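Think of it as A, B, C, D and E in the order they're written, each chain with its own count starting at 1.
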Amino acid sequence: MNIPFPDLTPATPEIIMTIAATVLLILDLLFKEKGVLAFLTISVAAVTLYTLPMSAGETFGGMFISDTYSTYFKLIFLINIILTVLISLKYIKRQQADYGEYYSLMLFSTVGMMLMASARDFIILYLGLELMALSTYVLAGIKRHDIKSNEAAIKYFLLGAFSSALLLYGISLLYGATTTTDFTKIAAQLQQTGSTPLLTLAMILIAVAFSFKIAAVPFHMWAPDVYEGAPTSVTAFMSVGPKAAGFAVIGRVFFSAFQNMQADWTSVLIGIAILTMAVGNILAIAQTNIKRMLAYSSIAHAGYMLLGIIAGTEEGRQAMMTYMMIYAFMNMGAFAIVILLDKGEEISDYEGLSKSRPLVAALMLVFMFSLTGIPPTAGFIGKFNIFMALIRAGYVWLAIVAVIFSAISAYYYLRVVRNMYMKEMTAEAAINPTPTLSLALAISVAMVFVIGIVPSVIPFIKLV
Amino acid sequence: MDKYTLIPLLPLAAFCINILFGRFLIKDRAHWIAISAVLGSFIIAVMTFGEVAQGKTVNQDVYSWIVSGNFKVTIGFLIDQLTAIMLIVVTSVSLLVHIYSVGYMHGDPGYYRFFSYLSLFTFSMLMLVMGNNLLQLYFGWEAVGLCSYFLIGFWYEKKSASDAGKKAFIVNRFGDFGFGIGVMMIFLFLGSVHYADIFGTVGTLQGQTIQMFGYNVDLITLIALLLFCGAVGKSAQIPLHVWLPDAMEGPTPVSALIHAATMVTAGVFMVARFNPLFSLSPIAMNVVAITGAVTSLFAATIALVQNDIKRIVAYSTVSQLGYMFLACGVGAYGAGVFHLYTHAYFKALLFLGAGSVMHAMAGELDIQKMGGLKKYMPVTYWTFLIASLSIAGVPGLAGFFSKDEILWMAYNGGTVGRIVWAMGTVVAALTAFYSFRIIFLAFHGKFRGTHEQEHHLHESPKSMTIPLMILAIGAIAAGWVGIPELLGSNIGVGNWVAHFFEPVLGHPEVHGTHEEEWMVIGISIAAAFGGIFFAWVFYALKPEIPRTLAATFKGIYTTLWNKYYIDELYDFIIVRPTKWAATNVLMAVTDGGIIEGIVNGVPKAIGNFGERLRKLQSGHLQHYAVSMAIGLFVIMTLVLIASAGK
Amino acid sequence: MLPKIFFGYFAVAMTVLSVLIITRRNPVHSVLWMLAMFFHIAAVYLFLNAEFLAAVQLILYAGAILVLFLFVVMMLNLKEELEGDRFAGEWPIGVALGLSLLVLILFVMGSLTQGPAGQHTIEYITSMTHAKAIGTLLYTEYLFPFEVASLVLLIAIVGAIVLAKRRV
Amino acid sequence: MVPLEWYIALSAVIFIIGVVGFLIRRNIIIMLMSIELMLNSVNISLVAFSHYLQDLRGQVLVFFIITVAAAEAAIGLAILVALFRNKAAIHTDEITEMKG
Amino acid sequence: MSYPILSTVIFLPIVGALLIFLMSRSNEALIKWTALLLSVLTFFLSVPLFLDFDKTTANMQFTESYQWIPSWGIKYALGVDGISVLFVLLSTLLTILCVTVSWNSIKDRTKEFYAALLLTEGAMIGVFCSLDLFLFYIFWEAMLIPMFLLIGVWGGPNRVYAAIKFFLFTLVGSVLMLVGIIVLYLNTGRSFDILQMMNTTYPFNLQLILFWAFFAAFAVKVPMFPVHTWLPDAHTEAPTAGSVILAGILIKMGAYGFLRFSMPILPEATRAMSPVMMILSVIAIIYGAVICLGQTDLKRLIAYSSVSHMGFVTLGIFALNTQGIQGGILQMINHGIVTGGLFLCVGIIYDRTHTRKIADYGGTATVLPIYAALFMVFTLASIGLPGTNGFIGEFLILLGGFTASKPMGVLASTGIIIGAAYMLWLYQRVFFMEVNPKVQGHPDVNFREILTVVPLVLLVLYVGFYPNTLLSFMDASVQNLINRVSTAGQPQQVAQQIIEVIK
């Protein structure tokens, strides 16, 4: 029997990344100075970035597809890894977690995300998810001598495993009802059978697993603890990457496989979205640790992004993607500041920052207002885009709920600004700037403003 | 720019110069600028009067002030007989007061300020009387109010002074409230605020009614009464008279100029100006007449018992103003304005005389502490006496003619007329009484003050006495232009002023007989002399009588002494409640309690809720897992129930 | 009839075993019960003629994973495990939740509609042994997932090393 | 012939037992095992399905699941070991450093 | 126009702000002078608006329009008409005064202060010039950031609370408007073009909803009763410049919004709702005035008086007739001048005494006579004395209000009585009576301060005597606006019922 060799071009980005990751593992033994690896990682990511456009098409019997959608998300993943590496360079040394594996794991996990974005078959989806998740678990616990880091890892791991078990159960039921794991075939199958309670159950199980990945309420509870415990750079990585991947698969699965169960999953997601925005914003107000605060804020943002999915239109999906991209930049920026400061974990550490470090304070101010969604920053464009899609789809009331919550969110972002500008300085804030960190900050702040003022730079806005 | 424009402009210029440079450059030379300016206006005014006497009237616009849609207002001048006479009164009295002040205000730190205010006032008053539209009238109206505010509170370090100024302004605002609405009504229904248009079209409103609180109110009456509100405030009629007595806190020349001769008569002027409107509404007329009569009686009674010389004169002013309204009320606008004009002189004279007395007594105002001033300050005494005779209505003097004219007209004015005539006559008697009460208490008998006061007594400087004398001439002769036909026909002079006013103010037809007229004149003369006689008996012959009377009619006496407790009443029903509401209701309850309660409560509630939610985030893995499972279970049940439903 | 009886036995046995697994105080016991459980599962696979999977189940799970478990269990001291309560405070809630979920699932199970039959009939499998059938599938249609799976294992190794080795 | 539903029901029961175990046990190792239980229950249902649907894909998925399960176990235990080094704790209620 | 004047006027300050932000904070003199120079330059650049303005047309002038975000149909479109041009000038003028008045009083973080000030200016002008709803919203929101800092960083003791309150209040309003904007956008054929919206007719029920959505944002900004409580705090705590900006321009945006959006875009809803609006306005007038009598804090009193005065403005606007609207607009300008001036004055005395409690003052006129005179002018203007600008505005408004509804007009007129009461009482307590030791011995206003205040004094008198200069600007536009409101299709049954309910 002859085995046709599959066309690999669509998978070039993944392949490059994989090879790079494995190579890094070996180089790790050669180089004492891990900075080299970091730069390799960045350059590899850059190369992959370059290959993204020419990787269109589908392969492996259609279980792997590389289209605009997946490419866009891969773009986000790559930006994510680049920025993360940039900000983590000196930081992980400070944290005595300067292992070469750090970078290769990050690459692997990014590969996992890319697979998720490109998956058109539950098997790929599952494997990609596990690939991403497992490496993220390890990254979260990479400060192995630090109890907080361990705790973060164990919590993340156990709950993650639990959720993926749920996912599998859902998949198995789905498989039983359709004899296939391929999205398009499933969709076709459901066309005939229509939705039965069993299928709904499967859908819910899958939705729950994804909600866990994007930290949507009530499957969010791991997020704050993990974000706080993990090394800040990893937190930054996790707050964007897996979330984006989660949204990528949600956007894919629900729009293809569960197409004609839209009524069901919309109602499910609306509930989740409202809860997410509410809990995220309200709990963020009560925080004193800025990483936890950002964790809750990222939960809340997941809520807004879900609205894009709920809209159920192509426009909504693209709004979600745009938001994801914007979120990546502003969130990275905020975390970069947290890393930049020697002592920046508590919100109170920011008191009087504008006196001692005016520039840092100004940057943080920009990111905070962007997260709030005040023009002319990118955050506003994101929200605006989402709301527009939502209202277009006829969910005006939901939009109103959302804007109210975004107004509430202003309260805790303003707290940081207040501490920086309106409180007296407690101690001269020490910072440890590195060129790479500054570069990351520059990129993020630039993007925040550029997207805020000329949103057309984001590819999808022209489609909307 | 023609000369009419110059009339108000000169004082304005003086004001600007003094207020800008007075402080550093001009200092105590301020009066030169002010006086020369007023003198200029006075001369032009006289010339204008001459022209008007030839029958020339002017109605011209200077520039377009406000244009908003169909609402067009100009700054412009209407100069007719009424205006002319007012011009004379204002400029002449103002001029004399200016001169008088040179001596009176000598050495006061605010010297330049005083004169700039006087100029500003003159300007405003002239704008008021010369305006050819309601809004300009309103402009002057408020501006003179402002000046009186400044001048009453001239010595602002004194709380009482600044209080009085504030009170004057705010009380006037109550009147202006009605006045303003009146203006708007007029615009609303006549489409213009220019006199010419108004009087041209006012007839069309006759019989029209407007729905108000479910009642149909006659439109003209409503408008007239609203305008009258303004007059009531400005001319200190009941119930808005309360500010005038307090206004005596200001320097005496101010009292003479503003609170006797000119500003307070603006109300009368306005009513007279609007006679075409008022005449169309009998009700309004009666209201005016009765208000006037009641006020004059009311004020006169208070004046009986006061001891503060300026307050007595002030109340007499209120009472005389009441007289003028009485006249207007019975349709005798001419008589009203005539009285306004004579009153200007003798009342100004009274005030300036009082001022001269104060000057001598080093600020002492209590007539009980005076006495026998006659020999110390003869000029003051004689002029004051002339003024008192004039106001008392002793035949031959100015006051007599105007007052008699009014009473006679009132007598002819139907039932209401008769009533007010009766009241007027009583008032005449009272007036004579309290005027001479001052004469006898202050100038006769022996001095009752302290020794240093006695030592200090002296006649006032020339700059003060000369205006007194000039005014005295006015107080005697001003009335001769209005000798009633009855008397005049014998000596060959007609009632010139009546004919003069005919074109603007008209002339009510008189159907009383000569006998009745004689009777009226006789009664008023009797009243005058009766008043004087009793005053002599009470305060020169048997000084103990007043005390016994006061003792016997204690209640009445104290009521009068306390001015019928009106101030207290207002304080109790208006001032206190408002302030109380401001602090204890609006601030405490509405703003502080309800609104702020919500504004601050919601975030607090959210915060607390957040804190409670935090407890759920316990850090226990199991709890997290359980929450996931619960979530899963809930979603499943809900969705399945829903899908089972459909 | 016979298969039903067999199935009945296995069903009961497996349920009991899993309950035992999650209730034993001593982890070692749990692991051992787990072992038994895996054997039963393998047997069930045999019923469903998936011999290859049954083998994998025994080798991988019983052979590798459980050993790993045991190893760790031994490494951690069990002293305080034996005293101290075994269930978390809110275990009743957990149980209640579990049961209600079970009810839900079983209730839903009624609406199971099988998907269309595939082409791997029993004859086909038996004709070319199960191992070969799966193998072909893995190396043709599922080549890509197969590779990814290898990556997952690689991660597992790397991660385990990173986390567990003592010094850098 | 045993009806498919039986297998599914069986897997459901085991799955739920796994869930319950995960929810109620303090000991992290047992929690891990509960997860293994859940995975195995999934496997059972998958194999059953694939057998009844005459489609081997399900079994392929089972194959992958087993692989991943192994990986998971390895990582999980590694994390546990790392944790145990810093703080001799294998109980969930002993690792509540971070909360709120 | 040789240069894109509006863009210049908007972005010159913003660029300037960045420039200042790049300077070293040690070099304060340079920073101050740059700020002053820029603000003056901006003012002079904005003067052509005044001179070359064509008063005969109601069309937008000095327009600029470029594609911005084509995919959303968003244009970068600017332009002014008779309604907005005056505000641009007012903004540019007041900013200069803000710079000069803060010259010595701002010592901490000067750099950030002037940067924020200029940013605010740019954003504010942008709000008044935008012809694209999206652009408008960007400016509208963007202005919050520097304003928030101005209040919160350089404000009084309770500044943080005030700042956050201000921010959240306005934000809640704005986001609701955002939803409205999007709905409007989708119903306008996916266009944000304001002019296009003005020519579109929307179903009445939609109009009502949108009206309230916009109301949420505008009413908060104005502020109308009962959402006014942020104003006293913000005014009181803000630094002088902040208060001036707030009172002078920022709160005008609400009323401007009503004029620019609610009325022409939603004419029928406006007509239907005008009774409600008028009632709210009258409440604001009386409420604000009475509550002033209870104030013990100088700035707080003026703040509440703003509530009352803005009540007049909204009353005039929703009278929906020429006098009302023109009066309303004029009164906005006046209020900007007068209250701006009052706050400047308060700032001047505060720099000396460092107290805002009225009880700490007294006899100020004896110690600082010139200052007292200047303050008096603003006091008189604020109580609407003829000859000052205040009179013209208030009278026209009352006239308009009275024409629209007699009871409203009458009630509103009571405001002028109370107005006189509280302002004169304030003046008496601060300037008259015995000299309070706290005031004793302070120097009178210096040259810089006189220069700061005098322009406003002159404006007060000038507008008082020649209001036509300003009225003539807005004439055409207002007529056009009124035609739009009154000729749009008759309100449907719903509206009628609502009006019945109100009456």
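The definition used in the following text is that contacts are C-beta pairs under 8 Å (C-beta built on N, C-alpha and C of every residue); 3 or more make two chains touch, one makes a residue touch a chain.
Predicted model only: the values in this text are computed from it and were never measured.
Graph distance from chain B to chain D, where chains that touch are one step apart, equals 1.
Closest to the protein's overall CA centre, chain by chain, comes E. Just to note, of B-C and B-E, the chains joined by more C-beta pairs in contact are B-E. Among the remaining chains, the Cα-based centre furthest from that of chain C is the centre of B. Placing every chain at the mean of its C-alpha atoms, the farthest one from chain D is found to be B.
A straight line joining the Cα centres of chain A and chain E is 43 Å long.
If you average the Cα atoms of chain C and of chain E, the two centres end up 71 Å apart. Centroids of chain A and chain D (each the mean of its C-alpha atoms) stand 26 Å apart. Distance between chain A and chain B, defined via averaged C-alpha coordinates, is recorded as 79 Å. Residues of chain C in contact with at least two other chains: 88, 90, 93-94, 97-98, 101, 104-105, 108-109, 112, 114-118, 142, 145, 149, 152, 155-156, 159, 161, 163. Shown for chain E are the residues in touch with two or more other chains, namely 168. Residue positions 123, 127, 130, 134, 137-138, 141, 144, 153-155, 158, 162, 175-176, 179-180, 197, 200-201, 224-225, 286, 411 of chain A are each in touch with at least two other chains. You'll find the chains touch as A-B, A-C, A-D, A-E, B-C, B-D, B-E, C-D. By the touch rule above, chain A contacts chain D in their complex via residues 122-123, 126-127, 130, 134, 137-138, 141, 144-148, 150-155, 157-158, 161-162, 165, 168-169, 171-173, 175-176, 179-181, 224-225, 228-229, 286-287, 292. Touching chain D in their complex are the following residues of chain B: 614, 617-622, 625-626, 629. Every residue of chain B that touches chain A in the complex is listed here, in rising order: 603, 606-607, 609-611, 613-614, 616-617, 619, 621, 623-625, 627-628, 630-632, 635-636, 638-640, 642-644.
Put simply, chain C touches chain A in their complex at residues 104-105, 108-109, 111-118, 136, 139-145, 148-149, 151-152, 154-156, 158-159, 161-163, 168. The touching residues of chain D, counted against chain A in their complex, run 4, 8, 11, 15, 18, 22, 28, 31-32, 35, 38-39, 41-42, 45-46, 49-50, 53, 55, 57-58, 60-61, 64-65, 68, 71-72, 75-76, 78-80, 82-83, 85-87, 95, 97-100.
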